[in-house]
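In the two complexes below, chain A is the common chain; its partner is chain B in one and chain C in the other.
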Partner chain A sequence: MNRVQRLLIASTLSATLVAAVPASADIAVVVNAGSGIDRLTRSDVVNIFMGRYRKLPTGNVALPVDSSSLKARFYRALVDKDLAEINSYWARLVFSGEASPPQQIVSIGDVHQLVIQNMNALGYVDSSQVPADMHVVLTLSE
Partner chain B sequence: MSRLLLLLHTRLALRTTAIILLIVTLLGVLFLALAVYLRAESVQREQQSRVQELLTTVERTAQIGCFLGDRQLAQEVTDGLLSNNIVSAVRIDSSDGTILASGRADPEGEPAASVVRDVSSPFEPGTSVCRITVAPDQAYIDKLVAQASNFIGGALLLQLIGIGFCVVLVVVKFVTRPITGLSHRLSELEAETGQQLQAPRGNKDDEIGQLVISVNAMIDNLVQSLGEERRLRLEREVEERRYRAIFDNVEAGIFELDSAGFVRSANPAFLRLFDMASGTDLERHPVAFASLVGDGEGEMHAFAVDDEAGGYERQWEVALDSGERQRWISLILSPLETGRLQGVAHDVTERRKAADAAERMAMTDALTGLGNRRGFDHRLAVMARHHRLYPERCHALITLDFDHFKQINDTYGHPVGDRALCHVGDILAGLMRQRDYVARLGGDEFVVLLEGCNQRSDVEVVLERFLHRLRKPLEVEGDIEIVIGVSIGIAMVGLDTDDAEQAVRFSDIAMYAAKRAGRNTWRFYEPVTQS
Partner chain C sequence: MRRLLPVCLGLILSVTSVAAEARPLTDDGRLRFSGFGTLGLIHNDLDEADFTRDISQPKGAGKGWSARTDSLLGAQVGYRFTDQLDTVVQGISRYHDSGDFSPEVSWAFLRYRPDPGVQLRLGRLGWDVYQLSDSRYVGYAYPWVRPPVDHFGTLQLTYIDGVDVTFKQPVGSDLVLLKLYTGRSDGDVFIGKGLEAHFDVDKVYGGHVDYETGPWRFRLGYTEVESNIDFSGDAPDQLDAQFDQIRAFDPSFDLTANGVLGSSFGFDRLKLYSVGAVFDRGPVQLQAMWNRSKTSADGAVDSGFVSAGYRIERVTPYLVYSQVETTSDGEGGSEGDFKQRTYSVGARYDFTANMALKAQLDRVHVQRPGFLWRDIDSDWNGGWGSIFSLGLDFIF
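Up next, the complex of A and B:
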């Protein structure tokens, strides 16, 4: 299924390059349903994922996670930058130690796992596949 | 300093160069100031744009630093900017008001107009996260401007020296040299021979050539007028010689008087006329004209001076008594110029003598050689005038008439009658003084004028002597002797009357009274005899 999904995404991406982006392919930023966070603004999400603020509105330290499969689409949708730019951004900050990049997770399932376990975790999934036990705080349209 | 001034005064090239250099220097200073000003402006702009470029270079890092509020990164950006020598101070203000980082390169340097850049979030272009303020280093800018100014100034100075040198060369070559050469040639030119000035090579058609043409034209004119002058002088010399020949050889005396009445020059004829030595140097020893003319000195002098002012010609005659003979000289004076009179003197003695002789003849009785009626009238008029002038002096007027003269004529013939008339005339003439006058009025009637005869007794003395001589008989034709009787009437002018004409009538009346008294006697006019 994953493979099929990936193929689909790949075909969708290639279609996106050629034609208009389909409305169904949005990305949802999700938290644990019990985290107490209802909604986040785009700025809040940018600040958290780009390392500016560590704290959530609840006062807890946020734990953003990147999932490799959606990473390129997510950053394109969030800050309109490609992965190389995002990487160079973080590379610049490695030595200062002031901020650190989100935790890198390969599969969607792992993201799901982490969000379920950690109340302060913040992840993103395809909006069409949001699990029931996660709460969507922001939908990024592509 | 004074030597320099002298050089400037005497050297055209130096003066021209100095003036041109002065102008170029002034213009240079003006241009330099303008260039420095423009250069300063452009350096300012350049530095501003360089600062902007620098800011663009560090902007991404600054964005991140500001985005994260990372002081270390911000300080890194600040230090990086300060490492450029055009930046004197940098400050990064976060958008929430805190100063993220700041620094100064040179604490004493004066900051110029700051460049401010708002830095936006790297992820949200519209959102400002901080503001970078960069102050460029004014000292560094000034140094750049000074360098540029020095370069321009140096270039201008070099140009100035070059221009000065070139101007000196050009002026010396094209102006000074030709003029000096020209002046040298002109000073050696013998213009009176008609020699012409040559234009320097290469200057034939320019202003110097024009100058040469003008000078040559002037030389031509000079030579021409010199020739004309020479010709006129020659002509005048000939004129003068001609005049001199006339002056020396003419019979008329020609002379010149100055305003003081002195004879300044005279020809030989004049010297002869006035009996002066032929070698008399009148130039050195002027002779007063009045002293030559003699009588009427004062009148003559005044006349000579007056005439100069009057400006018209005057002629008169003077009598000269030089020794044995009297001479008459006619003088004509005409003004020559202010203070000079020219005179011509003629010897008119002969003409004058002839005129006098004619006059005398007209007034003389042909038979007796005494005066006639015309002469008597003239003399009577003179006496009347004299009496009017000096009324206190008396004169006697005597009328004589022969007794029985008709009988002499009838008896002995007219020649004897004429002899008798001459005899009586001779006796009368012998008795008269110089001033007295005897005339035969016609027939046997004689008149005598005794001048200055104040008393009747004086007249009587004369008449006594006359009658006494008359008593001696006149011998005619051998043995015939005749005795002549005369009746005489006398009137005294001044005593009897003051009118000469009346005196004639009175003496006539007195003569008839003498005839009535028995003839051969005399009678004075007496008013009672009228009745």
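Up next, the complex of A and C:
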């Protein structure tokens, strides 16, 4: 076996191992603990993050935020789609002037900041790492 | 093509390095810029007729390869004044009725959203006459190289200057949507060799009801288009010359080519009825649509398609069947009518999160040649043709 073949097999094996390890935890959809929102259904969360209908049970306009590090896992768990499909979905709505995608935020720290500052903000975090000042409205199992 | 290619390649290279989302240009995120485009190549095996994407294209793709039909570039700038008020301007450069790629403003509206369930838009708006019709140039948004030509190719307008209002109401976990719109518009339609119709649309109005439940989206739509039609080209010119000769003998003879063609086509008043259904869950994408457009001369255009796609990793293979038929007197096909059906097979490959490569084969059965084709041989009665297409779609 030459070096290239060994490398290929090694990388295939490690990819298989990574894929086989179960995800560390589920994904929690979170709001500000003082927002007055107790629970949201999966279809509420789909409506808000997919730009279909963005009204919160409080009557206010929901402000969804995407966090780059968890985005792929979140949409896989929510609608069983990968990021290219999500981009394709938004291309139709953006270029027909129907709706705008959630605000894109790179760091989890900034998502946290936004949710504690804004009563209408919705974010998502790894369910094993929910900060005390956030309230979980829906847990998505992966 | 020679001028478009370097521009598109440059753009593609520059978009690979940026995120796929609309990029804020200001720190507060109020001003945003984004865009879309397609680099398309068509191979037509027919000697007898040139393939078009829609009736606004004066020239088609002849035998061999062509990049004119599907290639396009669009860009959008948006500015948010407040959470309720924003504006969007969108331009597009594609091969259209002026016979070149001259850019035009396809959207330019001011939007007011007092509530998540109400939206009011004022200005230039895409013609949302049936599902997907207002995003039919955004190749990245659909699996196909182009939306089924039999169904979308006969649309007369791309945008309206006017106003629309949308109401959304949740019903349990479902959503009901009502959209009403009215405005003015204009556009050119190429009907056949030496015959072109200019639509000066006084009034276009209509609406639709959408019902969204789980992965399903259903739509019922109705639209009326009232226009002054101006016919031009060799055919009306020759007709007018003959009428002038008659008038030389009989000054009371008052027929004009415009009048005669106008009453025989009946384009001055169109009524469009449409139904559509889309199913989108996980890797499965299904669509079915049907439309009947009626003219004031009792003619009709019936069209429809069904499409099925299934995503496997980064590749989405799909199958489409579409058909279109015109009837000039409500009695079934006659000499001047047009009828064809298309079987398509293709695949979309998402090789990055903002670019997709597509390949598609259309087997078109032209039963009676007509206005979706250009430069038709006068002795051609139709037959089978193969259109092979490659497309590179991107957003930035």
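Just so we're on the same page, the second predicted complex is superposed on the first by the 118 of 142 C-alpha atoms of A that agree within 3 Å, B and C clash if a C-alpha of one lies under 4 Å from a C-alpha of the other, contacts with A are read in each partner's own complex, and residues count from 1 in each chain.
By our rule, a residue touches a chain if its C-beta (ideal position, glycine included) is under 8 Å from a C-beta of that chain, and two chains touch if they have at least 3 such contacts.
The shown structure was predicted, so the numbers you read here are calculated from the model rather than taken from an experiment.
Of the two partner chains placed by the overlay, only chain C lies in contact with A:Ser100; chain B stays clear of it. In the superposed model, A:Gly51 makes contact with chain B only, not with chain C. In the superposed three-chain model, the partner touching more residues of chain A is C, compared with the other of chain B and chain C. Legend: residue contacts after superposition of the two complexes on their common chain; A:Arg92 is shown touching both chain B and chain C.
After overlaying the two complexes on the shared chain, residue contacts for A:Lys81 are found with chain B and with chain C alike.
By the touch criterion stated above, A:Ser43 is placed in contact with chain B and with chain C alike. According to the touch criterion, the shared surface of chain A, contacted by chain B in one complex and chain C in the other, consists of residues 43, 52, 79, 81, 89, 92, 96. Those residues of chain B lying in contact with chain A across their complex are 61, 64, 67-70, 72-73, 121-124, 127. Contact residues of chain C toward chain A in the complex are 19-22, 29, 34, 36, 74, 76, 78, 83, 88, 90, 107, 109, 111, 115-117, 121, 125-126, 128, 132, 134-135, 138, 140-142, 168, 170, 173, 175, 212, 281-283, 311, 314, 350, 352-354, 356, 395.
Residues 43, 46, 50-52, 78-79, 81, 89, 92-93, 96, 98-99 of chain A are the ones that touch chain B when the two sit in their complex. Those residues of chain A that touch chain C in the complex are listed here as 41, 43, 47, 52-55, 61-62, 79-85, 87-92, 94-97, 100-101, 103-104.
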